[in-house]
Structures are given as C-alpha cells and as structure tokens.
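To keep things clear, I will list the structure first and then write my remarks on it.
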Amino acid sequence: MADYENTADGTRPKLPISAVHEAAERLKNWGRWGPDDEIGTLNHVQPDDIVRAAGLVRKGKVFSLALNLDNKGPQGGRTKFPPVGRFNPVHTMLRTGTDAYSGVLDKRGIRSADDLVLLPLQAATHWDGLGHIFYGDHMWNGYDCREVSSFGAAKAGMEKTKEKFVGRGVLLDVARHLKMEFLPPGFAITSQMLEDTAVGQGVQVGRGDYLLFRTGQMEMKMAEGNWDDYPGGDAPGLAFETLDWLQNKEVAAVASDTWGIEVRPNESDEANQPWHWICIPIMGLTMGEIFKLDELAKDCDAEKTYDFMFVAPSLPITGAVGSPVNPLAIR
Amino acid sequence: MADYENTADGTRPKLPISAVHEAAERLKNWGRWGPDDEIGTLNHVQPDDIVRAAGLVRKGKVFSLALNLDNKGPQGGRTKFPPVGRFNPVHTMLRTGTDAYSGVLDKRGIRSADDLVLLPLQAATHWDGLGHIFYGDHMWNGYDCREVSSFGAAKAGMEKTKEKFVGRGVLLDVARHLKMEFLPPGFAITSQMLEDTAVGQGVQVGRGDYLLFRTGQMEMKMAEGNWDDYPGGDAPGLAFETLDWLQNKEVAAVASDTWGIEVRPNESDEANQPWHWICIPIMGLTMGEIFKLDELAKDCDAEKTYDFMFVAPSLPITGAVGSPVNPLAIR
Amino acid sequence: MADYENTADGTRPKLPISAVHEAAERLKNWGRWGPDDEIGTLNHVQPDDIVRAAGLVRKGKVFSLALNLDNKGPQGGRTKFPPVGRFNPVHTMLRTGTDAYSGVLDKRGIRSADDLVLLPLQAATHWDGLGHIFYGDHMWNGYDCREVSSFGAAKAGMEKTKEKFVGRGVLLDVARHLKMEFLPPGFAITSQMLEDTAVGQGVQVGRGDYLLFRTGQMEMKMAEGNWDDYPGGDAPGLAFETLDWLQNKEVAAVASDTWGIEVRPNESDEANQPWHWICIPIMGLTMGEIFKLDELAKDCDAEKTYDFMFVAPSLPITGAVGSPVNPLAIR
Amino acid sequence: MADYENTADGTRPKLPISAVHEAAERLKNWGRWGPDDEIGTLNHVQPDDIVRAAGLVRKGKVFSLALNLDNKGPQGGRTKFPPVGRFNPVHTMLRTGTDAYSGVLDKRGIRSADDLVLLPLQAATHWDGLGHIFYGDHMWNGYDCREVSSFGAAKAGMEKTKEKFVGRGVLLDVARHLKMEFLPPGFAITSQMLEDTAVGQGVQVGRGDYLLFRTGQMEMKMAEGNWDDYPGGDAPGLAFETLDWLQNKEVAAVASDTWGIEVRPNESDEANQPWHWICIPIMGLTMGEIFKLDELAKDCDAEKTYDFMFVAPSLPITGAVGSPVNPLAIR
C-alpha cells in the first residue's frame, strides 16, 4: 500500500468546487453523439464489440450480479445520509396458492397466483439513468433539467436504453489485487490503482467495455448481517480524478458493489458526491450500483481471466431515471 | 389454410375435463430433475447450449422484445375476463429536475432525481414463474400449493431463476408462414403448424431452446390504438395438443405476443385456460407472455434465419410468481 | 329555468384572463389570518359554531358522503382530460383468511389478515388541500409554490387540518330546487341560484358553514353504470362569479358531487379551471370533491331541513395536498 | 399498587389454551345481531346515544387522536416480532409546486399538485376490522374464514362500517389514575383497575360507548425518539380476563395508545395475542390501535370530565380488514 499515498488516511486534501467546474469543462461530452442523443457513452459499443463479446462465452456459465429484491435489502440500513424516499422492495400477492387450496378460485376455472411489487428504482441492484443527476440547470447532453418533471424524464428515460447493455464486461478486482478482503470506508481508488489492477490481472480496459470494479464492501456488510451505513454512509470508491481515466478509456458504463461508486466521505466539502456531478450529466456515463460481484470475482480469479460477455438489460419504464437490473456475466 | 381443419371456424370439439387430467398423467415431469427442483424445464439448457447460442451472434444487433412499461400498456384494455388485480405500471417520481431547477435540492449538495414503480408482475412483458398456476392442491414438482401464500412463493420463486434465461432462441413466425398479417381470435395453432412453420423457415426446434412464436395479435392491437379485448379476451394461440409436442421437443421455455399463449375461447368448457393447467404445474414449463416480436420477426424474415442468442433475465424478486422482463434477442 | 340566462346554452361569454387576475386582487385573503396561517377559511369556524352544530343532532342518524374506495371508482372512466397519475384505489391483502384456512399462519400463533392500499389522494371522495393549486409562483397565503416539492407540502399540508372539518353543514340541493333530476354538463350554477335555493329550502348559509351543493351528476353516472366523462369531462358546477358570494358568506369549505366543483367546459379559454385558480391559492378555501349526496339530500327533503352536524376529518398525511375522506352528516 | 397482584412482576400464571377456548364458548356473540350481521358490537350504539353524545359538546374543542401518517411512524421501529408486510406510509407526489415554478404545467392551463400514498392499513392509528382475526376456520358471526381471501373481505369489510363510529367516547386514563407516567411493558390492566379508574374519574362506562384507555406507552416512545420495540414488542395492556368485563359493559369498540391493546408478553404460551383471538372473531368487538391520547387526557384531567362526543369514521375501502383513521374527540 506504500505505493498509493493519501488514499484512506484522512489526509487527502479536499477538492474546491472550482475543481468540479473545471472537470465539467474538460470532460463535457455534450453534442458528441449529436444534439438528440439520449444514451451517452452507451454509444461507445459497436456491433463488432458485441460479436467479440459473445466470443468470450467459453464454458456456458452464467453469473447473476443482482441482489434478490426483498425486504432484506440495503434500504433497511440505518445511515447518516438516508436516501430520500427509497425503501426496500415490497412484494405482495394478488392471488395465492392458499386461495387455491381454499377453493375460492375455482369459480374462475383456474387456480393461479399473481403478484405486485412496489419498487423504488434505485432500491437495490440498479442502473442510474442519464436523467438521475443534474449539473446546474442542465442534464445530459445539455438538455434543460426541467425535462425531468413529475411526468418523468422526457429526455434520456431508461426506455431509450432498452437495446443496450450488451457487450464485453471487464472486472477489476481492486480489493483482491491489493490483497485486502475489502477496502475500508473512505478508501479512494485512484486511476493508478485501476491501471495497476488491470496490469496485474492481465486484462485491458478499452472502448465500449462495461467496467465493473470490486471493493468487497457488499460482502463485508453481508457478513455483518446488516446494512447499517451502507446506503449513503462512508464507503470505498472511485477518486474524483478517475473521471479523466474513464473518459480516456471510453468505457460504456461503470458499476460496482457499493451504494454510490465514488469514495465517501465526499472528496469536496462544497459538493455532495462530486464524481456524480460530472459522470452522469457531463460525460453521459451510465453507472451501476449495488452490483453483487463476489461469485464472479472468485471465478475470474480461478480462471485468471477477467473479461466476459455482459448482458444487463434495463427495464424499459417510460421516463424512468433508473432501473432495477439483473446483470448477467456469461463466460 | 385447407391443410388445417377446425382451427378457427368454431367447429373444434370442446375438450372434456378428463382430457386435461389424462394429459396431466401423461406429461407429468414431477421428480424428473429431483425432488428439490424449482425451475423445471429451464434445466434442459446445458452449458454447451449457451456456448453455441453465443455463436449465433454474428452481426452484433440487439432486439428488445419488451413493451415499454407505462400507463399505455395492455391492462388499460376493457375485456370480458378482466385479470383480477392487474393494472398498468404506475411510475412516479421521488425527486425531479423541476425540484433541481427550483433550488430545493441544493441543501442536499446534489441535484438528483429518483423514482418508484408500482408494478403488477404480470402487467406487461413478463415471465410466468412456476408458482403461477396450480393443479388441484399441487404446484410444480408436486409441491403443496400452500407453499405459495401471502408470504410469497416458498418454492419456485422467480429468484431461483436468476442465472437462467440464457440460451438459443428460435422464432416460429406462424402468422408469416401462413401468409396472414395476424392470426384471428380463436385461431388454434396446432403442433402440425408449428412443425410446418419450422420446416418452412428452415429451422429446427430442440432441447434447451427458448421457443418464441408469433401470432401478430399484438401488432393488430397496436395498430388499432387500444388494447380492448387483449387481456383475457379471445386470442389466437396454442392448441391444447401442442403440450405433447413441447414436451417432446424439450424446450426450455415458450413465449409469444399474446396475453396468454394458448388459444381463447378456451378449448374446454370445464377448465379456464386448460393448457396452463398442464404447462406450468405439471410440465414445469416456464412461459413468457406479451412479448413484442415484430422487429425481430422482420429481421428473421430478411435474414432467412430464425435463431439467435436469447438473454431474458428475470428480476430476482424473492418469492415472486412472475417477473417483468426485457428479453433480448442478440444476433 | 327562464330566470337564469345563459347557464347552459353555450352562449355564456368566455372570461378573459384579466377577469381571473382581477378576481385574484379582489378576493385575496393572504395575511388575513396572519403570515403563518396554513388553513385559510377553516379559520372561520369558531368553538361556538361547533357547539351549535352539535345541537343539530336530533335523531341520531349518520350519513356517509363517501364513495367506497375500490376499483369501481371514477378514475376508471375514459375522458378527454384525463387527470395525470390518478387511478382507482388498489387494495391488496398482506395476509388472508385463506392463509389461515391453509394453516400457514399457525406458526405465528395467531390467524390474522392485514392489508394495504395504493391510493391517489384525489382518486375518490376527497378534500383538496391548500397546497393543491398555485397562482403563478405562489400558493395560499402568499407562500412560494416551491414549498410544495417532491418532499411534499412544507406549507399547508393536510396534517395541519387534523382537528378541523367539524361544524355545521348546509346542503343546497340545487338540482331538486330547480326540479331537475340532475343538472346537465356545462350547466353553470350562479350565486343567484345558490341564494334562491337557500331561500326555497328555508336555510341560511353563513360564516363557518361547510357548504355542500348537489348537482345530481354523480347519481346520473351511477345510473349509467360507468364513469366515462366524469373525471375531467364536462360537468355542471359553480360559475366563476360565485367566488365573491362564497367570500361574502365566509364559508369554511365547499363540496359537491362532481369531479371538480366548477362548471366545465371552462368559463375561460385562457385558464383551465379558472375558479380553482382563485378558490384555493387566493381565498384559502378548501374544497371537497366527489361527495356522495343522494341519501342525505333525500333525508333533507323529507325533513325539510337542510343543516346538520358535519364531521369530515382529513387523514393527517404529512405534507399531503389532498386527503381521502369519509364525510359524515349527523342529524 | 399493592391492590393489584401479579400485574407486572412476571409471576402471573400463564393461561392454558383451554382457557382461551372456554372464553370463546362463554363470550360468543355469533348470531346475536342476526345471521347476516357484519359489524358486531357497533350495533350497541343506538340513535339516542348519538343524540346524547352530541350533548357532550360544550366548548367546541376538537382533539385529533391520530399520529401523522409519514415515514417517522411506528413501523420504523426494530422489534423481535416484526409485523409481516407493514411499513411506514409512503407519500409521493404526482405533480408539485416545483413543477409549477418550472413552467412545465402551464401547457395544462392550471398549476396544480397531486399526490399518492402507499399505506398498510394497520401502519399507524387505525381500526382493526372484524375480518382482521380468525378463530380456527371461522371469523366474526361464524362466517367461514375463507370469506377473507386475496379478493378482500367478502364479509365484514370496513366499508360496512362507514356510517358507524359516532357516539359517546369515554377515556379511562389508567396510567394517571395509578399515578404513573406510563405503564411499563408487561403490565396487565385488569377489570378491577378499569373499574377503579372509572370510579376514581367519576365516569361510567356503558352500552354503546367507545372506550379509550391510556397506558402512556406512546408518549414514552415519543420521548425516547424512536419506536424500537413498540410494534410487536412487550407492552402494557388489557389482561385476558377484561374480555368478560367488556362484554358486560356492552361497549361499541375499544381503543388505546399501544400497538396491540392487550398486554405483552402474551398471557398464554399456546396462543399469540390470546385476547385478540376472542375480541374480534368471537365477540365482534372492533378495536382501535396506536391512538394518540396525550392531549385529550390532559384536557380530561383539567376538566375532571372523561366523556365526549367521539367521531372516528373509517375509510370505506371495499373488502378491507382495517382502516386508517383520524379519530376526533369533540368536547
């Protein structure tokens, strides 16, 4: 760890808000894919990438990267920065096998069960859509932030991505590379660490990749048996400066096993989640949060290969700014 | 059409309930994959099938087979057999860009939007899980139907399938093969028609395939501009006798562009949806409903190939008997 | 009907928007009950009024003025101006008697049922709160309209009224007074008609009264067996000029058996629901909609008395801009 | 406290299940109000009682006995017996003042806000309906428990009570009578204590009264600032033997400031909430839970009168087994 100064020892200097604004100017992708674009860096994936990604399927094994959706999810954790309005998924039945057993369905001529979910879209494993974060009065591609009203997202709704989220996935297992069981809260992952992890793993990250990185924090919380401090609390995660690296790599999306991808406490005293300020509205980079990476990471380590076919279709909820997802890594 | 007697002319004899019970005895797969199995015919897919399916990705094009989830969905249709408790998805915002514009989010240090969906799991494009239909007092694999109570499905919940729904997809475009824009309500698709369509298309259906068949009914309703009579109304669909054919073919799952896969009005006066009685609880065959097949069908016709990689991950809602899905055909 | 010119014959001149703005200046109650007031005309009710209202209870009979909350409610109606986001209440069970019968609850040591409702607050019989309508960038009492954000109404939430809605109720049965079964869509009820009805019924409307008026439209729709055109469609209702009359009478609240109290089509081409523009944000007058008045009206007619004790407590949902209500008339 | 043996010292003998069954035989009111009755002891209230209750309104003051409905409610408490499926009310906006400010509503011609609540009916202050608890395979009046299925309560739904819950209320302030700030968890309130409290307060409890009794537990939890152990945890409450007293008094309903009215831990090792087993399905006695009694209790103490007009209308949710309520005490 001697190689990485100031990552988790509380001595990292805080970013002034001017650094955030400078990054906004430097990294702005508005117009890059035309004035009408609504999907941002998902454009980086080309048909050939999909064909090549399919070529990574060599043993026919599928890994789900999703937590189950139920009342044991992370929103039950108590935390100092509770995410407003999010709660664990509520699943209720509309008809049941006990109705069937009781004979009350027989007048319908069929014994069937149905069900219903009340689901905050960011409750568990999910994609953040490009309507999720604003920069000043604007959203992705320079659209007015008022495009996202109570009527939903008129621009960049999740339904625009319904044929995306297919391509090559790459896992950077940062915790394992650093020989740590999990990265502690406040641990900032730098570009250099991402590079070193890739080199150490013998994998390259490039244009159109779906980049997953593992901190081990989810496994730590699951071992503890409760989610306190996970949603909105301190966490390991990407340093602000990784935004340039991600821009240069031209990844399609980035996802991890934490609540919010970036390191917390915030790197700035003047912005909450400063990395988010740039990633979504400025760069148009979709992010995935609360991905369950443990089993995939073990397999990557065993195989000593870290790429795979990645298929993680969004639910096309019209006007949504997020989507639950069951991301699949197929090897 | 002269080849197919009694398909849609109202002269098909009705099935006595004894025929349903005989089919149950003949087609029962309980125990076939062990006493603890909870996924049924999804077991037909082997790792090699997944590798071969990935080999079908040749041009890197992705087709979504999902309707968008919103208040324009099929549950708004008026119908003579309204599905109890189902309604169109309700999407509401928890924070918005108009909040951002108004400055009310700035005390949180970040301008973000969040959202929520109220979603009957069978409302739009979805998988029916193996807890969805009961046969007498039993469910799939012979489990007691009381395993599906108000607490959810203790057996065969959708979360058990979270690493399934990957493999080879095959489209049988029955309507196009019969040179019809759409099959009319009440039109029974027979095993012979499925076979003839496969032969006509030059494609084989086999063990572990995800079988999609197209009736054109969804396109007809979308052209009409309303969904009246679609949910629970008369529809084209599979004849009861296709159950044996599906069993013999050992397909992993079957899906279509209608509300309920099977032909309606019912083929029996003594059972509502008699094909369902057998398919799910007896055979353990998962089915997909309200799949949007038009664009994929056009591409299959243009390419004159009817198979593709199929990835349609369920949402792992614990104890659910159904799941919304954004099924992808990847070519 | 010769007495009332231009009420329903399409010849009423449309109001220019300037008339709305003039009314706003003329009728503005901002500050009338202090700069911190959040309940408006509910302040008109004094303790003595409540004591006197209790004195109207002479036979111990209770009338509920609420529609039942279920999927047969008015939001199922098809209409040309569909209210965004409103749907009929969805009631689902969390545990059932069929669970009990099936024995699955016995491990809990008690056989019980529970339930859940998904309820748009304006779906059926309800109070519109003072946060429901804005005038320009302001709401009741001159508060900034941004007080009502996605976090709810920080000012004038329904919970502020939890000890109100008790007092004298008065029914003006306009339809019966005019010897009509129901007033037709587009029929404008004028101040003169309200006065004449009161005189004809031998009742006086005064300070602190809860004023109910009956058009008969709800009964007409219930007789028809569907709610098409009721929510947001053409309707009988109060003329714009009744605002001055209501201000002078100092009523506590006003309610009726229609979807929106005021006459529709709108009296102005430049404002949708112009009466609403003034009533709620300018005057601070709470209104009740979709009240079921038929049985109460029959009893008033039989007794030839038109006042009663009125108790219609809001549900104290924090930050709500409306509330379902089961209003009671007690005689 | 010397007068009351074994109330809270852990030495009370546990009831055998036979005592519960004997009480069921002894207290059974099935058929008492006819074979079709669906409201039980609410029948005890006669019109004259309502007239007399109105006579108790002497100063025109209204007390709400409801907690506000929001995410700070009791369901957020952690507890050893979590009530399945209950969560704090979720209030979300469908349109907002920030939408208004942002100009996005102007195309509709009116600036308005709307909202929605997701509300477990037993989440906060509520009535338990007569479909809430079963005794064996039966419910109130001997109806089959299967009348309460996933389709709701076909018998004794809350909508049947929509014109009830009006009459004389009586508060027995047990904690104050015993000169305790609050009764501790496990404290059993006996019939003798209820009698002594009534005598001490100079009030009589009789036929048709709505009986409220105060333990102070809610105030204790609110002072603590969290609800841990309140829902489903240990609590003061009525002893099992009070059922006979309530039967003899012929009260219309009973309510308190605790989660479950009866003392907890359970008085029986063989039944969870044994008092519930008898109260609802056997006696047909409606109960109110989580009533906020502090302000009313202070006023009763100051006035040295303990009765008042009580109006607590249920929401007529068709087929519901419970109802949120804003109960009003009017004096």
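Lettered A, B, C and D in written order, each chain numbered from 1.
The rule is short, and it goes like this: a residue touches a chain if its C-beta (ideal position, glycine included) is under 8 Å from a C-beta of that chain, and two chains touch if they have at least 3 such contacts.
A quick note: this is a predicted structure, and the numbers were derived from the prediction, not measured.
Undergrad: Which chain pair shares more contacting C-beta pairs: C-D, or A-D?
TA: C-D
Undergrad: For subunit C and subunit D, let me know how many angstrom lie between their CA-based centres, rounded off.
TA: Distance between chain centres, rounded to whole Å: 29 Å.
Undergrad: As a quick test, compute the distance in whole Å between the mean CA positions of subunit A and subunit D.
TA: 45
Undergrad: Of all the residues in subunit C, which ones touch at least 2 other chains?
TA: Residues 84-85, 90, 92-99, 101-102, 104, 116, 118, 146, 149-151 of subunit C touch two or more partner chains.
Undergrad: Counting only chain pairs that touch, give me the topology of the graph as line, ring, star, complete or other.
TA: Graph shape here is complete: every pair of chains touches.
Undergrad: Going by the contact rule at the top, pick out the subunit A residues touching subunit C in the complex.
TA: Interface residues on subunit A, with respect to subunit C: 84-85, 90, 92-94, 96-99, 101-102, 104, 116, 118, 150-151.
Undergrad: For a test of understanding, state which residues of subunit D touch subunit C in their complex under the given definition.
TA: That would be residues 46-51, 53-55, 57-64, 66-70, 72, 83-86, 89, 91-98, 100-101, 108-122, 131-137, 139, 144-150, 152-153, 159, 162-164, 166, 266, 270-273, 276-277, 309, 311-322, 324, 326-328, 330 of subunit D.
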